[in-house]
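A, B, C and D label the chains in the order they appear, each numbered from 1.
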Amino acid sequence: MTEHVHAVHPEPDMIQLLTPEGLRVEHPDYPLEITDDEIAALYRDLVLVRRIDTEAIALQRQGELGLWASLLGQEAAQIGSGRALRAHDMAFPSYREHGVAWCRGVDPLTLLGLFRGTNLGGFSPYEHNFNTYTIVIGAQTLHATGYAMGVMRDGAVGTGDPDRDTAVLVYFGDGASSQGDVNEAFVWSAACNAPVVFFCQNNQWAISEPVTTQSRVPLYRRSAGFGFPGIRVDGNDVLATLAVTRKALDDARSAQGPTLIEAFTYRMNPHTTSDDPTRYQLADDLETWKLKDPIARVKAYLTRQASTPSGFFDDVERESQKLAEHIRAGCRALPNPTPESIFDAVYEEMPAELREQRDEFVAFVESIEEATV
Amino acid sequence: MTEHVHAVHPEPDMIQLLTPEGLRVEHPDYPLEITDDEIAALYRDLVLVRRIDTEAIALQRQGELGLWASLLGQEAAQIGSGRALRAHDMAFPSYREHGVAWCRGVDPLTLLGLFRGTNLGGFSPYEHNFNTYTIVIGAQTLHATGYAMGVMRDGAVGTGDPDRDTAVLVYFGDGASSQGDVNEAFVWSAACNAPVVFFCQNNQWAISEPVTTQSRVPLYRRSAGFGFPGIRVDGNDVLATLAVTRKALDDARSAQGPTLIEAFTYRMNPHTTSDDPTRYQLADDLETWKLKDPIARVKAYLTRQASTPSGFFDDVERESQKLAEHIRAGCRALPNPTPESIFDAVYEEMPAELREQRDEFVAFVESIEEATV
Amino acid sequence: MAEVTMAKALNNGLRKSMEDDPKVLIMGEDVGKLGGVFRITDGLQKDFGEDRVIDTPLAESGIIGTAVGLAIRGYRPVCEIQFDGFVFPGFDQIVSQVAKMHTRSAGHVRMPITIRIPFGGGIGAVEHHSESPESYFAHAPGLKIVSCSNPSDAYWMIQQSIASDDPVIFFEPKRRYWAKGEIADAPDPLHISRVVRTGADVTVATYGPLVTTALEAARVAADEGHDIEVIDLRTLSPFDMPTVLDSVRKTGRLIVVHEAWRNVSISSELAARVQEKAFYSLEAPVLRVTGYDTQYPPSRLEEEWLPNVDRILDAVDRTLSY
Amino acid sequence: MAEVTMAKALNNGLRKSMEDDPKVLIMGEDVGKLGGVFRITDGLQKDFGEDRVIDTPLAESGIIGTAVGLAIRGYRPVCEIQFDGFVFPGFDQIVSQVAKMHTRSAGHVRMPITIRIPFGGGIGAVEHHSESPESYFAHAPGLKIVSCSNPSDAYWMIQQSIASDDPVIFFEPKRRYWAKGEIADAPDPLHISRVVRTGADVTVATYGPLVTTALEAARVAADEGHDIEVIDLRTLSPFDMPTVLDSVRKTGRLIVVHEAWRNVSISSELAARVQEKAFYSLEAPVLRVTGYDTQYPPSRLEEEWLPNVDRILDAVDRTLSY
C-alpha cells in the first residue's frame, strides 16, 4: 500500500551559488555577474539587518517594545530578494521583513512604531515603495496581485524600458501558503499574467507548526498547477536569492507573468519575543542550521576568496555600532501618539457623528487628566 | 518573449474508454471489467436523469419551480462517478448533481423543494449518504474533507474490509476551483491524507465566464502541487468516469489519500433557467459538443457492439415516462411549508426569545388571514 | 425627463463615473459580456474594454483583495458581489483590510473602493440570494454604508460612492431594479437621509427596498386617519441623525423598518440612539419591523417573513396605543 | 477548593469534555505541542493524542469548514481561533454554513461546534489581537454566543458549550486568563445572565473582561453614595432578557458596557430591547460605555480607548442626572 504522497525530500533541486563553506558555485540557469565589492555590500546589509534585529530584541526585553518578530536566520533571503528590486518596484511585506525594509531605504525606526505600540504601521507605502506590514496571514498576496494589475493597466510592463517596467514582490511564510487568500492570489496572477513575484520564506515553522503540517510536498511546487513556475532557492545564500529573485522580477517586468520562489531557510529565533520554542523545537535542528548561517558563508567568501580590503570588517562593525545607537536612542524618542489621533485617519472624510465621539473623548480624557493633576 | 504559461491544450491526457462514436477503447491504467448488462443499466440511468432534468425545466417554465440548474450534457460525469460509490460512502454535491442524487437513491422530488421554494434542502444527508445541496461555491469541499477526517478517526479507512472502508466524494465546478475554500480543502486533505475524492465537473463555464477566466492550465494539474494526483477524464464518457472514480475511491478507502478528478464536459443548457447564454456563448461550441453527447455514445455501443435485448430501449422509454409523471404530479403535490416552520430548525434548542418571536409571528399571520377571510 | 429603471440608472451612473475618471474600474463575476446577472454593467465592457471591466475568477476574497491592491496603486475599483449571501468569503478583506488600511497607514493610503451588493428578498430566489447583510458591515469603523431606494438616488449615489475617497458598501435593492423613476437634475449629499413623506403622527425610518413599502403603508394609514412621516435613510453608516431626530422630536414616535434580521442590526442602533438623544420626546418606545431572527425562509414563505404593509400598519397601531 | 486561573479552568473544562465524550475534538493553530499561544490546550494533545487534538494548517476557513464536515460525521469539534482578529477568514463558513446547516437540512443535521475566541484588548498587543467581534456574530440566527468572566464560569460554560447541540461561539476574555477564582460545585444554565452585585440605583450590564471593571466601578460608586447593580450577561445570543428587565425595572437606569465598537453592537440591541420592554420603567435613557468607533488603537493608547472605571462612573453620573 503506497500513499499518493511520499515523504518530503528535505532539499530538492535547491538553487545555491554560495555554499555554507563560502565557496562560489555556478548554476547554468542563474549566472550571476557580481563583483567582490558588491558581495561586500551585501555582507554589510546582512550584518546591519542582523544588528537591527538584535537591538530590537534587546529593546523588547527592556520593555521599550511590546513585541518583536525576529528575522534571525532569514537575512540572506530578505537581503538577496530586497536587493533585486528596482526603485520603482513595489514590495508587500508580511511582518518579519525588516531586512527588505532596509533594502528599500526605510529607517528601522519607522518599523518600531508598530512593535512599540505608538502606531499601527503609520508610514506611507509610496515613500519607499514598501507597503506597511500586514499581520493577517496571506492577505497581502492579493494586495500585491491587485497592485500588479494596476501596473499592467498603467502600461508599465513589457515595454522594454527599464525605468518604466515595474514588478511587484510579495512576502509570505510557509504557514501562509495554506490560506485561501494566497491560493486565490495564485489564481488571479496566473489568470491575468500579473507582474508579481511570490516570495515564500519557508523558515520551517509557523509558530509551533512544522512546515509538514501545511504540506507534505515542497512548497515551490504549488504554483505549477496554477500555471506558473516555482523554484526553490537556498534562502541562506544571499547570492542565489539575489539571482533567482532578479530573474523572476525581470520576467515579471517583461510581461512573462508570475513566479513563486520558495526560499528555504530557518527561523533561528522564537516566532516572536512572546514565543517559547522549547515546547516544540529540537535544539539539534538549530545546531544543524547554525552551520548554514547566511552571514558566516559570505564572510568566509570575502575573507578567503576575495581581496577584501583590510579594515572592511571593522568599518562594518563600526557602522553597526552607530546603527545600534541610532535605534536605541531613536526608539525611546519615538513620539507617543495623542489620544485624539485615534480618530484622525479612520476616514478620509470624518463623519459628523465620529467627530462628536472624538470631541467627547478628548474632553473626557482631559477632564480625567485634570482630576488626576 | 515567452510567457510563463502557454495556451491551454484543449484535451490533454484525457482518459477515455468509450469514444463519441460508441467504440470501447482500453486504457492500461484503467481496466474496466463491465458486462453489457451493466452498461445497459448505466444507459438507463443516463436517460432517466436526463428526463428528470427535462421535466424540471418544463416545471420551471410552467411556474411550478422558481429555478432549475440543468445537468444537460453532464449526465455521464454524474452517473459514472455516482455509480462508483458504495452505499456507505458519502457524497457532497454542489447544486447541479441531480444525477448523483439519483445514483444515491434520492427521489427526484426530494430535490425539487429547494427549487420550488418549499424548503432549503430539507432532507437528511444520512438517509442516502448524500448531503444537501450547497450553493455557496466551494464551501462543501471543506465539509467533505472534514467528514473524511471523521471517517479516518472512526477507523474506517485502510482496514481492507469493504464493508467498513469508506470514501468521500465531493463535487464542484470549474469556477469553484478559484475559491480559497477549495484550495484549503486541497491543503487539508493532502496534509492529513484524507479519504476524499475531489470531483470537478469542468463544464467549461461558470455562468458566463469560460474556464480560461479561472485558469490557463488544465484544472486537473492543480492538485500535484498540493501533493496528490490529478487526472482528467472524458466527462461525457460514463465508462471512463466510472473507472477513474472507482480507482480514486478505492485509493481513498485504502488510505492512499485524495485524488482530484477533472471531468471534462460541457454545460449544454443555460447556467440555470434564469440565464441567457446567447450573450456569451457561441452556438458553434454547442454544436461541437453535441457530437460528444454522453448518452448517444452509450446507445451506439449498446446498439452496435452489444447484444442488447430487443425491447430494452422501449422499456427505458416507458420507465422514463413513468418517472416524468411521478415528477409532474409529485411536484405539484409538494406540501407548502407552514409559516411557523420557519422557526422550527433554527436551533436544536429554541431560545425563549425566538419562541416569543414565533408566537407573535404566528398570531400575526393568523390575524391577517382572518381579516382577509 | 424620461423615466428609467433603477437598473438603467445604475448603469448610467457607472458609465458616467467611468467616463469622468479613467481610474475607475469595474470588477466582479460575470460583469463583462453578460453585464452581470442583473445586467447592471450591461454594455460597459464593450465600451470601456476588458481592462476596465474585468470578469474575475470566482472568489470574493480575491475580488476585494485585488481591489485593495489596485486602490493602493491609485485605482478606484467598483466591485460587484453577485448576491448578498456571497459577500462573506470576502468579509476578512473588507473588515480587516479595506476598512483598516487608511488608519494603518496613518492616512497615507486611500481606499476609494465601492462594493456593490444587490440585496434583500422578495424575488423568489433560493438560499443566500435574499439576504440583507448591511448590519454586519455597519459595525465596522472605516466603512461607509449606503442604500438607494429609487432610480434617481441610484444614479447619483453610485457616482458619489465611487468618487468617495473612503470605501463605500453600496446596497442595491434588487427587487426594485425594474421600478422606474425620473432622475433629479442634481444630487443631495451622499450621507444625508431624506424625508420622503411628511407627517405628524409617527415616523417610519427605512431604506432600500422597503421605502416603497413604507410609503404604501403611509397611504393606507392616511385613510385610517394616521399621518405618517417616512424617512428614506439612504446612509446607514454614518447615520444622518439630525434628520431622524428632528422628525422624532416632531412625531414622538419612531418605527424602524428593514428586511435584515432584528438582532444587533441597523434598527437596534437607531433605537439605541434615538432613545438616548430624544428621550423626553418619545411618547412610545421605538418599535422595529424587521426580518425575523431565523434563516431567510424558502421563497414560498418570504411574503410572510418580510416586513410588509400589514406589519408596518400593525406597528403604527401599536406605537399609537402608548 | 483551591483557586485556579481562568486559563487553567478552561484547560480543565476542555479535558473534562474530552474525557466525557470521545467525539470531542480540539482543532486549531498551535493547539498541539504548544498548547495554544495562551496555553489553554496545554497537555491535551499529549494525553488525548494527535487524532483528537489537531494542529491544523494555517487557514481559518479550513478550520471551520472541516469542523462542519466532522460535525456531519457525528463529531463535536472545538475550534480555537488564535486571536479575535483572525476569525474573519472563517466568517463565511460560520455564518453561511455552521449557522445555516441545521435549518437547511430541516433539522436533520446538528452542528455541535464550539468556536473558542480569545477576545478583547488590554494586553499591549499589535493590530488584530485586541478586537471584540461578538456583535458580528450575534446578528446571525443559528449561532449562540456566550462569554465567561471568571474561572468558574469558564470551567462550566466551556463544557456546556461543547455539550450544546447548537453551535456556540465562546468568547474568552484574554486579559483575564491569569485571574484566579474558585470553581463552583455546579453550573448555572448556559444561557442565563447573572446579577453579580445587587444595587438599587443603576444597572450596569456587561460581560467578559469588563465584569471585573464594572465591579470595581461599583465599589468606587458606593463610596460616592451610588448603589450599582452589576449584571454579568454571560449569554449574548440569546439574551437573558428577564434578568436584565427585572433589574432595570428596579433601578430605572441601565448602562451597557463592552469593549466592542458601539455602532450596531450588543449594546445597541440591549438598549433597543430595554427601551421597548421597560419603556415606562426607564428614568433615563440607556447609556452605553463602549469602544469608540475607530480602529482599535496602538497599544500605547488602549487604556484611554477602552472602557474603564472612570468612563463607567461618568456614565453613572450622567444617568443619575436625568
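What we mean here is this: contacts are C-beta pairs under 8 Å (C-beta built on N, C-alpha and C of every residue); 3 or more make two chains touch, one makes a residue touch a chain.
The structure presented is a predicted model; accordingly, all values stated were derived computationally and were not measured.
Separation of subunit C from subunit D in touch steps, taking the shortest path, is 1. In this assembly, the C-alpha centroid of subunit B lies 40 Å from the C-alpha centroid of subunit D. The geometric centre of subunit A is 36 Å away from that of subunit D, both derived from CA atoms.
With centres taken as mean Cα positions, subunit B sits 44 Å from subunit A. Counting partner chains per residue, subunit A shows two or more touched chains at residues 119-121, 136, 178-181, 184, 187, 191, 213-214, 346, 353-354. Residues of subunit C found to touch two or more other chains are 56-57, 59, 61-62, 85, 88-89, 92, 96, 100, 103-104, 127-128, 141-142, 293-295. If the chains shown are joined wherever they touch, the resulting network links each chain directly to all the rest. The touching residues of subunit D, when paired with subunit A in their complex, are 29-30, 32-35, 37, 55-59, 61-62, 85-86, 88-89, 124-128, 292-295, 297-302, 304-305, 310-311, 314. For subunit B in complex with subunit A, the touching residues are 1-5, 158, 177-181, 183-184, 187, 190-191, 193, 212-217, 221-230, 251, 254-259.
Interface residues of subunit B, counted against subunit D in their complex, comprise 119-126, 131-132, 134, 136, 139, 141-154, 180-181, 184-185, 187-188, 191, 344-349, 351-354. In the complex of the two chains, the subunit C residues touching subunit A come out as 25, 51-52, 56-57, 59, 61-62, 64-75, 77, 89, 92-93, 96-97, 100, 102-110, 141-142, 144, 164-166, 191, 238-239, 241. Of all the residues in subunit D, the ones that touch subunit C in their complex are 61, 85, 88-89, 91-92, 95-96, 99-100, 103-104, 127-128, 135-136, 138-142, 237, 260-261, 263-269, 271-272, 275-277, 279, 282, 284-288, 293-295, 322.
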